[in-house]
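Letters A, B, C, D, E and F mark the chains in the order given here, with residues in each chain numbered from 1 onward.
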Amino acid sequence: MTDYYPVDALESPRFEGVPTFMRLPMERDAGKIDVAILGIPFDSGTSYRPGARFGPREIRVQSALIRPYNPVLNVDPFRKHKIADYGDVSVNPLSMEDTINRITNEIANILRQGCLPISVGGDHSISYPILKAIAEKYSAVGLLHFDSHSDTLDKYFGVKYSHGTPFRRAIEEGLLIPDKCYQVGIRGQVYSRSDFDFTMEKGLKLITMKELSKMNVDDFKKTIKPLAGVNTYLSFDIDFVDPAFAPGTGTPQVGGANSFFTVELLQSLKGLKIVGADLVEVSPPYDSGSITSLLAANLLYEILCILP
Amino acid sequence: MTDYYPVDALESPRFEGVPTFMRLPMERDAGKIDVAILGIPFDSGTSYRPGARFGPREIRVQSALIRPYNPVLNVDPFRKHKIADYGDVSVNPLSMEDTINRITNEIANILRQGCLPISVGGDHSISYPILKAIAEKYSAVGLLHFDSHSDTLDKYFGVKYSHGTPFRRAIEEGLLIPDKCYQVGIRGQVYSRSDFDFTMEKGLKLITMKELSKMNVDDFKKTIKPLAGVNTYLSFDIDFVDPAFAPGTGTPQVGGANSFFTVELLQSLKGLKIVGADLVEVSPPYDSGSITSLLAANLLYEILCILP
Amino acid sequence: MTDYYPVDALESPRFEGVPTFMRLPMERDAGKIDVAILGIPFDSGTSYRPGARFGPREIRVQSALIRPYNPVLNVDPFRKHKIADYGDVSVNPLSMEDTINRITNEIANILRQGCLPISVGGDHSISYPILKAIAEKYSAVGLLHFDSHSDTLDKYFGVKYSHGTPFRRAIEEGLLIPDKCYQVGIRGQVYSRSDFDFTMEKGLKLITMKELSKMNVDDFKKTIKPLAGVNTYLSFDIDFVDPAFAPGTGTPQVGGANSFFTVELLQSLKGLKIVGADLVEVSPPYDSGSITSLLAANLLYEILCILP
Amino acid sequence: MTDYYPVDALESPRFEGVPTFMRLPMERDAGKIDVAILGIPFDSGTSYRPGARFGPREIRVQSALIRPYNPVLNVDPFRKHKIADYGDVSVNPLSMEDTINRITNEIANILRQGCLPISVGGDHSISYPILKAIAEKYSAVGLLHFDSHSDTLDKYFGVKYSHGTPFRRAIEEGLLIPDKCYQVGIRGQVYSRSDFDFTMEKGLKLITMKELSKMNVDDFKKTIKPLAGVNTYLSFDIDFVDPAFAPGTGTPQVGGANSFFTVELLQSLKGLKIVGADLVEVSPPYDSGSITSLLAANLLYEILCILP
Amino acid sequence: MTDYYPVDALESPRFEGVPTFMRLPMERDAGKIDVAILGIPFDSGTSYRPGARFGPREIRVQSALIRPYNPVLNVDPFRKHKIADYGDVSVNPLSMEDTINRITNEIANILRQGCLPISVGGDHSISYPILKAIAEKYSAVGLLHFDSHSDTLDKYFGVKYSHGTPFRRAIEEGLLIPDKCYQVGIRGQVYSRSDFDFTMEKGLKLITMKELSKMNVDDFKKTIKPLAGVNTYLSFDIDFVDPAFAPGTGTPQVGGANSFFTVELLQSLKGLKIVGADLVEVSPPYDSGSITSLLAANLLYEILCILP
Amino acid sequence: MTDYYPVDALESPRFEGVPTFMRLPMERDAGKIDVAILGIPFDSGTSYRPGARFGPREIRVQSALIRPYNPVLNVDPFRKHKIADYGDVSVNPLSMEDTINRITNEIANILRQGCLPISVGGDHSISYPILKAIAEKYSAVGLLHFDSHSDTLDKYFGVKYSHGTPFRRAIEEGLLIPDKCYQVGIRGQVYSRSDFDFTMEKGLKLITMKELSKMNVDDFKKTIKPLAGVNTYLSFDIDFVDPAFAPGTGTPQVGGANSFFTVELLQSLKGLKIVGADLVEVSPPYDSGSITSLLAANLLYEILCILP
């Protein structure tokens, strides 16, 4: 049996011990594991409500409720892969530039050792430095991006790096293959009609919430079929989900998906060539009864279950 | 460009400044604007949980997240109309009678200057004095009423004016055209079978939640087609929405709509001849993480987008 | 008219008086009533987040909002049956064994007098001692069990009685007819694939959430048709519902039903031969804005409406 | 032994049963008891944050923690007097006038039967109708009034009856002996210097918080010595206490007493000729962790311990 | 009478209208007023829990409860000075450098017009750029600094500007007169004994909480007597107060002052030559029942009352 | 330098990483350290509000704010002793008996290796099994017990082991030296006058809150002087502190100490021969803004500072 397995909740109660992701062992040596779940507690790229810096900590706490076996996908990811809690990237809350470098370096180090990084934010600005490391290893990759916002703005307050701009930067720098980028769940008001210019010009694929609401899971799978065989990065912003299900986030947008459909969508990704993933924008100070962190822990688990 | 435009959140962060509705300028001269968003912070007509007096304040705060352009309806309401935050009607929390007069006078004054009033409650008792002013200008109008309760009781505790009785009073006084009144989303227990006597006798149209749950947006549009061309007042009680999406309200009723469908329903009203609207019963002390006020701000925005 | 009728909220405001279930009179003499709603404030069988001991108290408080007449089922249960608040079973928070005896005795006493018990938990461990009393009167019965978990584990921490084991014990002791047991809404991860061995071996019927999500109410009715005419116990764990609608529970599971569908499912049970029911696992310390307790009060009401 | 004694928490856990004040029996026949604890859930006289209508309910809930014996005063009030939960005065949330009459009548009825009323508000407007009944029986009485505000304004919004005016009305109508009125704990800003004109003109005694902060309990006892032998009404507004200890109130004022000193002050009243008392302005929707209601329950208990 | 006076709460209820500081008029022209209360919603200098960016907004909301007349100091500051809500400094949440410039410029502009600035943070990093503007006008000034931390660290994460370093920077740059700097209420653990080296070397005056706890107000006044006649800047960090009284802050420290003593201390400052003031580190997402913001509003009011 | 030192918050932000007590390293080998801080997440001995099982986890989280150096006592405990986070005792939430054994064994094991155990509850029932291990090593010891309750009841619901009985059991079994037992802060109502019989008979020393309120720290030190040189166990129930400062506890009692005095009392214990300590009854689900856990973390730190 693997050395990296969650503590058994039938023997040791869930409220016991120091909270790691899914009660897994800590392991800082990426060479020993297949998948590293790591925290990136950085929210200094936030334009509205901060607090995502506490995301990794609270998602760890709520993940104590996760059990190991997935009866829908018929898999126990902790037996299939060696998975551990890698700890956090050490960030600098007072410097975006310094933090970008730290994140890129840490992810690059994980990748170098053949380990797949699953990053827990933190705000969405962390995706850009992660993608820099990903592209360093794989060159440009595809993107499957669940979010209510497309995060392809040019600048906020005159600044180029923030949680509203990561995918524009990534595309500008050639880290992503534009026509292999799918943005799913986009909805709500925008600043002006020209907000979509970049997306259309570059050829990103938009699946708005309105469109998604008319799809079932099979329709969705068909729509993203072009990702088959493509190295794909998965980025999940919790505000994809409706605020009733995920109130604890920085820029909530009404009219989102419910938790059942969200889980089904993630399960449908089985078979994709995921090379890395993140789950971002969980902001515990704005949560109600920790339901957002609990949902995030479940989504993380589902991501583990669909890894190649 | 219009003088009445929301502060740009890409230049000035959303948490900055005194909170007005959607970060619009204040304007007390109705003659200068097309649409007045105004608060009516009155909840002394409440039978159970008070607190809706704080609705306008908190909806203003949460509306900081609204961006100007609606990609679904392809409209920027702030460019189409001159819209401003008109401030509040000055109410008397210790006197229903005094408050009824104050509301009717203020709304009449707004209407007189060719300005369309969008009122933010407060409890549902405010709809009756608003309708008095509306009917004064337009004579009897149609009604599109989203709510879990029909609010057509005769009395509460022997009193004629309260948040359970506005539409009975309005119909008795000829302010509404009974067979052009649509009540949408009605559900939950009632006091007795005879609660519907008034509705049926007068010929109001009831679309219960059970019926609505089987409709798509096109079905709904067909159902309310008789309102086409009719001067129509729109009254939206937040408890139309399920308590999971809108917990912050005085008399919540389970089994309501979700936020996605609610937004779609409002968007489908484009083309109606709306002559005034209110959004009522948001009670911030009972909210969780301000999701109710945030939803209310979004619904207000959608109402702005469908104005003629 | 019956002596057992809720206080009239049009005369006496809902926030007035000592909170009993649905503002019904208290009645400890089961011989005088048809249906006893009783609290069983026991949560010492909880493996994770305790607090369900406060369930009966808070559900009583929130049930003040229930009105008597059900327009969907066209029934006023308080006129059809003599229903009262029976008070609580006196439990021993420091002893599972003692409490099991107390519950079985109290329920047996209620049943002996021809009264139908509706129990409000408390955690799910209370179903086992209730079923002992039920089977004593009716011999083995059918089970309709709404839950995200099947609660058929063998042991927790080496202990046989807990909120994860009641139905295994009940089947082992012949209190239930295995192939007349329906478990509805099961979802989420489990400990291992073998978790379902007992269920399959014994022939329990599983309707997972995934399956249920593809059913409408008529499909559901067809599926549970074999229960027609069978003495059936109804056990409703609030975590059947999604955490967005019912956050206040001990072991929440994402991906559950919404409140509208849940109410419809309960309404569809009309015609079943219900011999007893419980509603369990409402944990007020983890609730947000009391929406879980409010939903629970509504579900209790719907159960009253479908009693034979 | 008395029939009116709290349920024993060593036998029946505190979270069990329908919550009455201090787990006492209900008794609506004032003739059978010496002291009636009753709720007056009325807050329609509130100028700022409503919610005190839920005070009686939540104070009942929190009073489950009270044990019977007072080791400081060496008394068990439940053995010394027959004390019961009388239930609530039925109020009319939509009419101040109607409610004033109902309160005066109910209190008069209690007094007529030789029973002492301890009223739990509700907002401070209830003291005026109570004093009408008190003065009817005793003619003008002395007043011991703990509060941060003197509540002797003339009008709010042009209205004479509200939570800011009860003692002015009572003095104007001769219900109180002005120079036997002590207002304790007064602090914070006022509208203007003339706010104290009425107080000074009438000769009420003011013990401001600043003065009180320099006193110990003996100093305080000396200061109120003129009340000895005088029929005295005790009115306790929870905002006497600092918001850190009592956040759940409608118009909190910083700089108040702590809970230890407050309890000591109440204990020092032993020997006064109390003829009635109220505890008002607990507003549960604004409480944190129910500490205000818990404190209120303790203060009620201390009042019971000092009754003649 | 002045044009700058709070709305009268006896005529217009406190929950009405757009919330400005103390319900004062807005006035962006500093030349027209004596005192400008302004918000500086910047918290990107925070090392632990962010959220102080929402301080100005929530303190505005809670300040609705402030009445104009101070009976202790016998002053109505709104009659003595022309005071208005100046609005906020426009900050850049993504850039400390940019924000420092913006703050210094805005404060300089206010001072230039003979207006005294009272700034509401935001985190403590805002004091440094304010002091730059202050020193530009007055050259080096004295400091009266209430806080649990001395905020004289050299760097955080290698960065010079943050909420832990403002007074070190200010002293290094000659903005403050070191031996006229009083730091009051310092307590709790520090990083190492050398944390006090800078303070001692420079000759700052430390009044630890332990020392303060043994003082009464007169002792305190004597201690800070050397400030008499000196241009003095007042900086008040809300964590000076104990977390029970002010939980809503970023780095709370137990063992602080209560609200009564804090108010007394501020009142004792009457007579000092205050040339500017700030109140910082109120973080609404961490508040309980808004008591921190309410206290902050009261402290702001007391500061207004002691201005020369 | 020691291997056991908190992570430096000036280099690695406080919100980073898996939360251990005071950001110390984990160390399960007691032989390597001088002091073990360990969690005992057991609350099945609770009579009223459970939740203390989450105490160790949340106190770990809040302890991230602790800095290493104590300027009052002039000590850095992490340099003086080798201190680590030992992890938790594995408890059985479904069995008191089993848990008692597990605790006694784990503590005995720690003691055997010359390591001093500081236990973080959990409810107060854990003190009894700890004392069994302590007495095994040291034979009977003295007790310094801060609490609002004396916890010397005989039984709850007929059961001998619970959070109300540990010190009676310990005295009956000779684990404590009765006249070297000091119970400090006792207050509030009790069940009857005979509750103190055991205490008086056995000669325990009671310092009630009323007495303590008249003492300064020097008086207190004098009072407990007989403990000098005696092996002493320190047990700190968080409800010693007032609910305003520590709302998150199971059976709060008003009229307690504030945080400043509490810290001073602990600091005054320097010089005692402490052989073990616990801090119990922190119940996070009932906390407001985590102030109770934050205070508990500070009290733990102060205990570390006074160890011999």
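Going forward, contacts are C-beta pairs under 8 Å (C-beta built on N, C-alpha and C of every residue); 3 or more make two chains touch, one makes a residue touch a chain.
Since the model is a prediction, treat every value here as computed from it, not as a measurement.
*Asks:* Going only between touching chains, how few steps reach chain F from chain B?
*Replies:* 2
*Asks:* Quick one: which chains contact chain D and chain F both?
*Replies:* Chains that touch both chain D and chain F, as defined above, are C, E.
*Asks:* So which chains are sitting against chain A and chain E at once?
*Replies:* Touches both chain A and chain E: B, F.
*Asks:* On a CA-centroid basis, which chain has its centre farthest from chain C's?
*Replies:* If we average the C-alpha coordinates per chain, E ends up farthest from chain C.
*Asks:* Rounded to a whole Å, what is the gap between the Cα centroids of chain A and chain F?
*Replies:* 41
*Asks:* I'd like the Å distance between the centres of chain A and chain D, where a centre is the mean of that chain's Cα atoms.
*Replies:* It comes to 55 Å between the two C-alpha centres.
*Asks:* Can you compute the centre-to-centre distance for chain A and chain B, using the mean CA position of each chain? Integer Å is fine.
*Replies:* The mean C-alpha positions of chain A and chain B differ by 38 Å.
*Asks:* Hunt down the residues of chain F that sit against at least two other chains at once, touch-wise.
*Replies:* Within chain F, the residues that touch at least two other chains are 11, 13, 15, 47, 49, 53-54, 92-93, 156-157, 242, 244, 258, 286, 288-289.
*Asks:* Name the touching chain pairs, would you?
*Replies:* Every pair of chains in contact is listed here: A-B, A-C, A-E, A-F, B-C, B-D, B-E, C-D, C-F, D-E, D-F, E-F.
*Asks:* Within their complex, state which residues of chain E touch chain D.
*Replies:* Contacts found on chain E: 8-11, 13-15, 64-72, 74, 76, 242, 244-245, 258-260, 263, 288-289, 291, 294-295, 298, 301.
*Asks:* Please output the residues of chain E touching chain A within their complex, sorted ascending.
*Replies:* For chain E paired with chain A, touching residues are 43-47, 49-51, 53-54, 92-96, 98, 156-159, 161-162, 285-286.
*Asks:* Along chain D, where are the residues that touch chain E in the complex?
*Replies:* Residues 47-49, 153, 155-157, 188-193, 195-196, 208-210, 213, 242-244, 247-248, 251-252, 254-256, 258, 286-289.
*Asks:* Can you list the residues on chain F that touch chain A in the complex?
*Replies:* 11-13, 15-20, 26, 39, 41, 53-54, 57, 60-61, 85, 87-88, 90-93
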